[in-house]
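Listed below are the structures to be examined.
First subunit A sits with subunit B, and in the next complex the same chain sits with subunit C.
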Partner chain A sequence: MSFFSDPQFGERVITLMAALALVLQLGMVSQRWLITNIRLFGVQSFLLAAIAATIAHFNRAPHLYAAAGMTLLLKVVVLPLWLERLVKRVGIRKEIEPLINVPASLLISGGLTLLGYVVAESFARPAAGFPSRELGHNTLAVALALFLIGFFMMINRRKALSQVLALLSLENGIFLAAISLTYGMPLVVELGIFFDVLVAVMLLGILVYRIGETFESTDVSKLRRLRG
Partner chain B sequence: MKQLAVASLLQLAVLLAVAPLASGIIRTLKARMQTRRGPGILQPYRDLFKLWRKNMVVPDSASWIFSVAPHVVFLTAAAVGLMIPMIAWEAPLGLFGGVLAIIYLLGLGRFFLALAGLDTGTAFGGMGSSREMTISALAEPAMMLAVFTVAIAAGSTSLTEVARSAAGQSWRFLAPSQILAFSALFIVLIAETGRIPVDNPATHLELTMIHEAMILEYSGRYLALIEWGASIKQLVLMTLLVNVFFPFGLSASWRAPALVIALGVYLVKLLALCALIVLVETTNAKLRLFRVPELLAVAFILGALALISSFLF
Partner chain C sequence: MEAANLAAFAGALLVAARLAVTVLAGGPVAAWNGFLYADALSALVIFLTALVALVCGVYAVGYLRQDEREETVAFSKLRKYYVLTPLFVFTMLLVALANNLGVMWVALEGTTLASLFLITFYGRKTSLEAAWKYAIIGGAGLALALLGTILTYYAASRMLGTETVSSLNWSALATRAELLDKTTMRLAFILILLGYGTKAGIVPMHTWKPDAYGEAPVPAAAMLASATLNCALYGLARFYVLTAKCLGPGFPSRLLILFGLLSMGVSVPFVLVQRSYRRLMAYHTIDHAGIMVLGLGFGGTLGTLGMLLHMTYHTVTKALLFLCAGNVQQHFKTDLFRRIKGGVIHVMPLTGFVFLMTTLAIIGSPPFSLFQSEFTILRAGLAAGHVAPAALFIGFGVAIFAGALLHIGKLVLGPADGAPPATGRPWRDSVLAVLGVAILVMGFWLPSPMYRLIQAGARILGGGP
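Right after this comes the complex of A and B.
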């Protein structure tokens, strides 16, 4: 039981789970099936909830438990279920067709991860006078990588629903950065963000449904036809 | 000297005995997960025994390569098996370059198998060889990167040193670079042993087969040697995964009581890895051949990231 109170062990577990989240993000880039993508997002969110709970436990920040619980409820259960229902209702082709082929996308994602590491490196050597962070820059690097790869996925995909999914994984990156840098923002801010995400996804879901109804496709490049 | 001989013999015995068992366990677990009864765990032994007693048919068009290849496949796999730490820290055989020798000995076996596929001049053999070579050309860089990550962390390419340094630092296996390298090597394991997202070991369906297409002309004793060699290669790669990334339970010396415990721990770790493989095999459909490079690109990127993040640590 001794390592449950050893902060070094906690740090290791957090970096481990962050690395797994990165592996899942790369899996999402390479995976073509929309349903599998949604499930991968669910597992990634579960890891984030676990990271939040671990930070809450080792840094004695009990309000982070609330954030972890909400992540678990919203991003692991509600949103994936809602998205899967949407896929069924819109009846879109269940394969994602990225603009850039998969091996090249993976190479770009690898480069973005590297960029994340390089940027996070400067946070690892804090200026004199500031106390150095206990939480490694590894987690921050992974968070930045999740953010950048999520952004890249949004650019790389044509279908509206897969873009929504990319937006959600991008948001996961921001959440990870927030909890790893600040050990949790005030509960009100967290609540606001969660509510924001929920409403955004609901609205986007309705929008995707309407696009599908009107154009018989959720391919956003077809929206160019709307230009006068 | 005497101790070395005993160690080699012991490890060789474990290797030869456990290799078909691992295949059998995977097959039975897979059947159970698909709610079939499936053959017993010992079925691979029975298959090997049956093949061993059968007569051989050698095609008229076959050259000497046809009869050399099974021996090369079997011997390279067995030699590699002696070069990795299996139940003790110390591998009985430490040749030039450690890990590099392992990768290229496996490559030698694969090369001869592909040659044998081409040798008889049948269409299926050539097709199988070309596919095998395509996949291995993509899997090898990923494997190298993953293995180098581990070697850099340990400061040596000798697997004995790697296992020793890994056992010294507790929780080292929780580092992100290790997880990335493990994922990369796991995908390589799936590709190299012809498991489901890449190849289906259970069918002879001509459109999809890779490994089976190459050995279609073999029968009798040669087929037994190739099958046995393939299962040894699978066990070697699995051992590499469990012992390099999760090195607990390895015995520090070649003494009886410690070895028995180490063997038990080793078998439990293997069983866990078998379960993971079965899980992947039952939850995935076989990929189209042209999608396989995408899977291996994932492995390559994971390996590259592992190497990079171990430098930036």
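Right after this comes the complex of A and C.
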């Protein structure tokens, strides 16, 4: 089992998993069903946890195991289950109802992925004098692509819960950027971020529920009484 | 609940004053292994936050009691207010106290989360809409800021060669910021500006602001418009110092001047044609956020001094302005200009008088203090050779001056329509009277320790120790 300690093998596995995460993100763009979207997000989070654990193993960064564990618990188990329950309680059946149709959305996402690669390229050539010790810039490019596509999804979606999901996948991109650039943030900060994400999604969920009850719809493009 | 709240806020103010005195006498202090850190800049923000918290706390007692008497809200809701507000204040204090820039981000996100259900307090359709915008726009903005913070950490860990908690600590970064990787810091600053700019409500990420300020209960809106704005600008200023040291002041200054002027310019038409006085004040806050960002952008001794003076004066004055508006809204049951026929001053003499005086102060007419700080920022702009931005600054300032004075003047000084004078409201009137005297005095005299604290804070913004 010598490949388990070969860093090159580790790098390849990480790149593969990052690519899969990007594929899942594109899947979320093209999916119209909310439940499927939630599950795709869960799988994507699982991949991120696996990437974090792999980096922790190959680069001897034990505190990343904690981040991997937290991701597994929070984003793979707790949040998806909670969101699915919420979908049933609010009684949303389908419809992500994007503003731009799916083929055009996918095209835009492709463009954003390219943009992610262009930006990541500028990090691949570190200024002279700095030891180059970051992971392959593929992972960073994927992270930036997840981030940008997440942003695009937020703008593109009309339903309240689907916007929350977009925000979560955007946050996944940030997490991937953090672990690929610096092997994760310091543990205190990481814990704080996880706590904030958890509370934010819970509060947003409550808000979605109340919007659904009050307006009898969670289409946030109908919230337009406050203007000027 | 009321007593516990007031005691906590009074205690916080005492501690904040004590901290300011300590910092003035002996320089920065740290605690808990460097987890908490306070220099003059943090001490100033902390003091202002604690002050606003106490003032709004006292006001809230009277305000919420009236709401309960008139059965606008149920008693159980009051408990919610008194639980959420201390949490909200705690997160704001943590923003200024945290040494680690990552923890600062966590605390800033915390202010959004803690204040979210203060905005939905009245449970109206419009307040749900406002809260939704606040949460989603704020969440997206803070995500940008988080990416910026991560990039800063990346630059820092490459510079220091280690990845420990302390590599994101302000006290460690500020001394060696010129060694940070330049490409990374450039991108990081843009992300931070957009992110914390969203939280501060500068254009074009300001759209949540009028809704949130218009829907939250008045004491909470007053805190959002003064103390929370300060916290967001404080976060931005910390990164400005790092970026200016790393890349030279030119790059961040240009961006700050651009966004500052944009904020001022965009708020002008909305102030001029506004129908609701709560939203008018919100747009006015966008204008003031723009002024402070502009002051920071002009930089130099004068610019940073002007920014912090403006922050101090704006905090007190804007909080008072919201509290006056709260009295008007509770009495007339509307926040629309056209529904209020008679002049406020005939019905509520004290509120009307203070309202008008505060309006004159906030739009920057002499002899009030905001005139001085705006003038300082203007001088900074001219001294640094930014003639066109300075000219635009004057133009926008005059337009907003006219718009706000016209609207509020009509509201306060309209004809008497025979409505009976309102009954006394001891909690709120005492706050109004005390703060009214305070802003009058501040126009002529700022206590010397306060001024020295502001000067020391400005030195930190200028890159000093």
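Here is the rule we go by: the second predicted complex is superposed on the first by the 223 of 228 C-alpha atoms of A that agree within 3 Å, B and C clash if a C-alpha of one lies under 4 Å from a C-alpha of the other, contacts with A are read in each partner's own complex, and residues count from 1 in each chain.
Quick note on the criterion: a contact is a pair of C-beta atoms (placed from the backbone, for glycine too) under 8 Å apart; a residue touches a chain by one contact, two chains touch by 3 or more.
Everything quoted here is computed from the prediction, not taken from an experiment.
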| Does the superposition put A:151 against subunit B (first), subunit C (second), both, or neither? | second
| said: For A:115, using the defined touch cut-off, is the partner it touches subunit B, subunit C, both, or neither? Pick first, second, both or neither. | reply: neither
| field | Partner chain(s) touched by A:18 [first = subunit B, second = subunit C, both, neither] | value | first
| said: Touch test for A:53: subunit B only (first), subunit C only (second), both, or neither? | reply: neither
| Touched partner set for A:189, first subunit B, second subunit C, both or neither | second
| request: In the three-chain superposition, say which chain, subunit B or subunit C, touches more residues of subunit A. | output: C
| message | So in the superposed three-chain picture, is A:200 touching just subunit B, just subunit C, both, or none of them (first/second/both/neither)? | response | second
| Of all residues in subunit A, which touch subunit B in the complex? | 9, 12-13, 15-16, 18-20, 22-23, 26-27, 30, 102-103, 106-107, 109-110, 113-114, 117, 121, 138, 141-142
| message | Residue numbers of subunit B touching subunit A in their complex, please. | response | 171, 174-177, 179-180, 183, 293-295, 297-298, 300-302, 304-305, 308-309, 312-313
| note | Interface with subunit A, subunit C side, in the complex: residues 35, 100, 102-103, 105-106, 109-110, 112-113, 116-117, 120, 123, 125-126, 128-133, 135-136, 139-140, 143, 146-147, 150-151, 153-154, 157-158, 161, 163-165, 167-168, 181-184, 187, 210-211, 214-215, 270, 273-275, 279
| Interface residues, subunit A side, partner subunit C - complex | 119, 122-123, 126-127, 130-131, 147, 151, 154, 160, 163, 167, 170-171, 174, 177-178, 181-183, 185-189, 192-193, 195-196, 199-200, 203-204, 207, 210-211, 214-215, 220, 223-226, 228
